[in-house]
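See below for the structure under consideration.
Chain lettering (A, B, C and D) follows the sequence in which the chains are written, and residue indices restart at 1 in each chain.
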Amino acid sequence: MPTVREDIRETLLTKFRQVREQTTRLCETLEPEDFVVQAMPDASPTKWHLAHTTWFFETFVLAQLDSGYVRAHADANYLFNSYYNAVGERIARDRRGLLSRPTISEIHRYRQTVDDRMLEAISSASGKALSEIQSVLILGLNHEQQHQELILMDIKAAFGANPVRPVFQDRPITTESKGRGAELRWVFHQGGLCEVGGGLQFHFDNERPHHTVYLEPFEVASRLVTNAEYLAFMDDGGYTRPEFWLSDGWAAKTNARWEAPHYWERRDGQWWTFTLSGMQKVSAAEPVFHVSFYEADAFARWSEARLPTEAEWEQVATPCPIEGHFLEAGVYQPMPAEDLGTGRPLQIFGDVWEWTASPYTAYPGYRPASGSLGEYNGKFMCTQMVLRGGACVTPQSHIRPTYRNFFGPASRWQFAGIRLAR
Amino acid sequence: MPTVREDIRETLLTKFRQVREQTTRLCETLEPEDFVVQAMPDASPTKWHLAHTTWFFETFVLAQLDSGYVRAHADANYLFNSYYNAVGERIARDRRGLLSRPTISEIHRYRQTVDDRMLEAISSASGKALSEIQSVLILGLNHEQQHQELILMDIKAAFGANPVRPVFQDRPITTESKGRGAELRWVFHQGGLCEVGGGLQFHFDNERPHHTVYLEPFEVASRLVTNAEYLAFMDDGGYTRPEFWLSDGWAAKTNARWEAPHYWERRDGQWWTFTLSGMQKVSAAEPVFHVSFYEADAFARWSEARLPTEAEWEQVATPCPIEGHFLEAGVYQPMPAEDLGTGRPLQIFGDVWEWTASPYTAYPGYRPASGSLGEYNGKFMCTQMVLRGGACVTPQSHIRPTYRNFFGPASRWQFAGIRLAR
Amino acid sequence: MPTVREDIRETLLTKFRQVREQTTRLCETLEPEDFVVQAMPDASPTKWHLAHTTWFFETFVLAQLDSGYVRAHADANYLFNSYYNAVGERIARDRRGLLSRPTISEIHRYRQTVDDRMLEAISSASGKALSEIQSVLILGLNHEQQHQELILMDIKAAFGANPVRPVFQDRPITTESKGRGAELRWVFHQGGLCEVGGGLQFHFDNERPHHTVYLEPFEVASRLVTNAEYLAFMDDGGYTRPEFWLSDGWAAKTNARWEAPHYWERRDGQWWTFTLSGMQKVSAAEPVFHVSFYEADAFARWSEARLPTEAEWEQVATPCPIEGHFLEAGVYQPMPAEDLGTGRPLQIFGDVWEWTASPYTAYPGYRPASGSLGEYNGKFMCTQMVLRGGACVTPQSHIRPTYRNFFGPASRWQFAGIRLAR
Amino acid sequence: MPTVREDIRETLLTKFRQVREQTTRLCETLEPEDFVVQAMPDASPTKWHLAHTTWFFETFVLAQLDSGYVRAHADANYLFNSYYNAVGERIARDRRGLLSRPTISEIHRYRQTVDDRMLEAISSASGKALSEIQSVLILGLNHEQQHQELILMDIKAAFGANPVRPVFQDRPITTESKGRGAELRWVFHQGGLCEVGGGLQFHFDNERPHHTVYLEPFEVASRLVTNAEYLAFMDDGGYTRPEFWLSDGWAAKTNARWEAPHYWERRDGQWWTFTLSGMQKVSAAEPVFHVSFYEADAFARWSEARLPTEAEWEQVATPCPIEGHFLEAGVYQPMPAEDLGTGRPLQIFGDVWEWTASPYTAYPGYRPASGSLGEYNGKFMCTQMVLRGGACVTPQSHIRPTYRNFFGPASRWQFAGIRLAR
């Protein structure tokens, strides 16, 4: 039915334009120099994110449509391939910050050229071709949304590593006015046989297959752990008492000399934190974040609670509307919980990612996609922990109850906080 | 009922003597110099194992019975505490190989003194006291059995790091005579709601609580992967094709330059391997072992199969008798599978530990023991993988279907092999 | 005599303007992004050099003249202090590449403001004040000239680390037209009691005191070692035969996998090298450079010769005119030796720095300057080797026969080559 | 003249027996386990020293005399070659501590066999053969004496790394009875043209050629720096004020957290030090030692003095008798200076090695020996500093005024102290 197809085509064109423009808009306040810096091997320069997401469309859409496709930038495949072994050799990850060239102007031209080609390709594709590229195109847009979050995380890392603490945006953060936040309640779930994993809506391969798990009854906290609660942990010797910590966590803490969440600084007896709006006083009612899994786990043990498993979290989250504080609000800082009296758990989506007790592994029967894109998720299923729910730097349309994010247990630069369970 | 108690007392006395003597017997062929060497930070000198297991009884039995207890060796608590923060400061793990003193003679005296005191304590304990120490005493004996295996693993590592490749025992290994081994069959399990975890018999805290899981139907291989099968993987580029490997595994392989299982050496076009009976030709029908989780996982992917989860493994293992090749046989090398026509999966217990696909995490509702012994297991529940089934260096009475061993995914010095699932 | 003072004032004003403008001119082809990159901890971003040299004048001239001096950039002292402990805390050397801010525009404004203040200060200083600051002002200009060379070295390192191999300047290098270069002759010196060290002309404190040394008779080569000669060393197994190498050199070579001079790449059976004019074929007659002391020493041993000591070099260099290929020529690449028949040794000044056999130590009776500037040279007098003669990236007016440059024996990014002695 | 030859033969036989027995005697108090430990990569196990010195005689004497020579231990060349590339592959230096086998009993047998062969070879050599091997035999004995000192240094490092602080010998050290020691005087030398380097007596190749240097007038201290003086430096912030330190020294100090000489420990407000006779209170009048070059240099700068150059030291030492506290005394700890009123500088020989300001480089015209023994000294002439005068762990017959010892500037486990100059 051609008319249906034309609807899809229009939707794809619109979505493509929106997502790509959203990415560019995130960088409006940056100076050319800012696009170059790589704060640490785990982070990437903004410029690299802009180019890599573009390379993705070239590699998995344009080059698939046209076997003689010539890239819009000669060195793109070497410079902007992230980790796809099947697509070829590439620059070492920790050397991305050495690339002053191509300049940001060249990268913008590269994006523009590829965008033009993509829009032309979508517009002119036959119905058959369109249906062939549709799924990878949607994957590419979701991939780009992931990098929107990474851009914000990584530029925060770059600015945070700079002693002058540059301000990414002047927009003030006014969470204090929101007051003390909501009281902690425990939300009960009776467990039993539960469904887990992606359904009909778009999802990544790591959310598949949809499957059944058996859960014991459990409770999760109605809101995220606040800075005030975390400060109580710190005041009670949280960072100096090994009994709360995993063995590896204690070693990581000791080696890296953690004494507070990442970005926190003590100035004149008061804790401050670096935000994308500059240095701010730590606000009691806001959710604590920029903590590692090890810190989240130690806090939970100190609280005589634990972190939820990802299956538990998913049961609780599934009925909740996907509402909260996301990238689109442009605040890039979580807000205190606000109890609207619905009885639902608060802050499930947005604000900060929530560490779970679940190592990142394959779901029963998982198979990665065939071809190069099979490297997208599967090969990282080891020694990482699952996080759920999205953050204030995640696009709202990108998140869902089944979404599985993952980071190493010592990582702290992502926007990750804590929800307790028991 | 006092008579019952006396039975228990006799059993404890007998078991204590047996286990302690077994440990000493393992070291009969060692020279004084051999007791000192620490091949790598993960391994410990034999001497240290002999002392640490003794320290365990002093700390958790004798010092509990007598608050004024004076240790049989002045520096024992600093030198021989492994990782119990609650028991005090200790020598750094990677410096245990610097301890030429106390000499092995002193360590033997230390063991003898503590054994005498323990036997006296068990013999003279009131019924009430006996019942109080009974569980920690049994824990201590199981702990000592773990270190019996570690002694063999670690002395193999020490001798394997020595260019002269010392022979631990002259006993020849005659597995070749056993022929080709058994054919691979797939053992089906219908899944569903299954029971997991320790029951009435002794088990470690990490096997608790007994709980329910839901499993999809699955199959496991009827026997372990053989050297012949692993050589086929190697010949097919197993170590040079990233598509089979987890991302971290590929990095580990590349950094450490793995090209074959640990202890394998190529001599004149033939693969040899270092065993506790000296260098041996790699035997086609024997199970492959001394592979990391990463290698096991890559082999499974190459085989278009996967590793079993620990819950799957436990379902299959529970009906099997605890028979196989264990430490008591004194061979310290796995044997080819031998099909006795029972229809049961082979090599489930003994031979080599089996990597599972399961990260080592807490069972639902897990709580570590209170007090210092709470550090026994729980604090290691991160970034490690579960192994099941025991090995030819595990005491037979030490293993059970619910037993959870764990190592980091890159570790290769333990006796670990591969069973496939799908 | 006031008129003399006014001459000095005019000279200082002119010299100050010239040197500062020369620095800015070096950066004309750079994009804003290029100013940020730090290729390795030893190198610095161009932006940092521009700011640090400015900070030097603020710290050691303006702040000395005015005890209430307020810096033209608030964070200058933390960001742009190189290594002067007496002047305060500073950013770690290896983190200079994280500074996207201050931007290059801000740095240019910073330079402009300080230049204005300096010119005003020089113009308006009383005769007494002028004579007080004269020597540190001249030191500051020499310091800035050192950083002109560093800017070229470091941007070469940054561009050389970029897989796209950016071209710093389009200017072609036409050394091939110069032919085979000059034959090697040996220049004899009878030795005996010789004078060493700086005289009346400006020199750094490490060239003091002027003193006497006793030398055995020696010969030095009439010109630098050529690429052709170095290729013969390589072809004769220079990089694979330990007998030519110092023990530390062999270890450095092995760890870093040196197989040719830095910046050399083999492409289709031909050696190419990265230059500030882009990739060029290695030219037989040009001096070899970007070699470490270890390589220079190994080459000398292979040649059955040795490197000259710095005292020997100075005897030979003192009568030579300070002519050659310097920064001012804008070529930034050494040229083949050209024998003009004067009988003098060739290429003594300019082209490439010459490694000597002399560790960098204090001359007899050396005392560093008092105050913060005492940290300028003296504290580096350990584990480095002396180089002499300047290079094609050294300003001509900066070099002299007594000038002592120094680098660690494994450093290769400076423009350093080889002259033999025996 | 045959009779002369027979005298030489007898002398060599006697000397050989004496030196070899001296080595064995040093190890009398060690347990078998002690022979295995390698405290750090720079140190070696005692067992290795015993074997390596034996390998030296096999390699450079027995195998030279008999081209079909079969080694007395099959793996000797791989295990006991130190650094002679020309003699073949060898075990990595930092893995010598993994060698529990060959056992010390085997090593003693290896020594005995080689000793027997050596004595037989010396006894039965023709006059011609004897004269051919005479120089390498004497080199081998001097080499063995170097390793006698290394055995004591390295076993001190091994015992010092053991928390139980084993006592190497029970012999008490009674330096306190010697009182306050001697006052510091300055010994003047007029400088001028001076002779440096080895003469007719045995010396290593690095002491050649004998040559002339020109020295400015100088003074050296009449005795070594004492612990009392060094404590004054420490009390005055010696370890916290960068102005006294070389840049690399400050970095080394900071990284390794030096706060006092090596082996010093603070206990109840008093400094103690680990000696080969166990823990001792730091004695005010004894020479400070186990300091690095960086500490010696910083102390000198704090004292407004400097370290002597090796040429200066040699001028002052040449007229002094070779008397002092040496290995033969069996004390292994330096003594307070005792002024006997001779006017001569004190403690020139023995007690502790004296750091000089001279980097270890080749003398003018230096050529290493031909053949494998050319690797003995020459290849280490980089990034090390010269020490002079011997120590209380040096055999008396091993030292001479021209003797050049050398260590890296951060090394602290050798018995090295400080003499000032100015």
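Keep in mind that, in the parts below, a contact is a pair of C-beta atoms (placed from the backbone, for glycine too) under 8 Å apart; a residue touches a chain by one contact, two chains touch by 3 or more.
Quick caveat, the model's predicted, so the values are computed rather than measured.
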item: Touch-network distance, subunit A to subunit D, counted in steps; value: 2
item: Touching both subunit A and subunit C (chains); value: none
item: Centroid-based (C-alpha) most distant chain relative to subunit A; value: D
item: Separation of subunit B from subunit D, taking each centre as the mean of its C-alpha atoms, in whole Å; value: 46
item: Whole-Å gap between the CA centroids of subunit A and subunit B; value: 39
item: Inter-chain centre distance, subunit B versus subunit C - centres from mean C-alpha coordinates, in Å; value: 60
item: Chain-level touch network, classified as line, ring, star, complete or other; value: ring
item: Touching chain combinations (by label order); value: A-B, A-C, B-D, C-D
item: Footprint of subunit D on subunit C - complex, ascending; value: 83, 85-86, 193, 211-216, 218, 242-243, 245-250, 293-294, 297, 306, 309, 357-359, 361-362, 364-365, 374, 379-383, 409
item: Subunit B contact footprint on subunit D (complex, rising order); value: 31-37, 39, 47, 75, 78-79, 91, 95, 97-104, 158-159, 161-164, 166
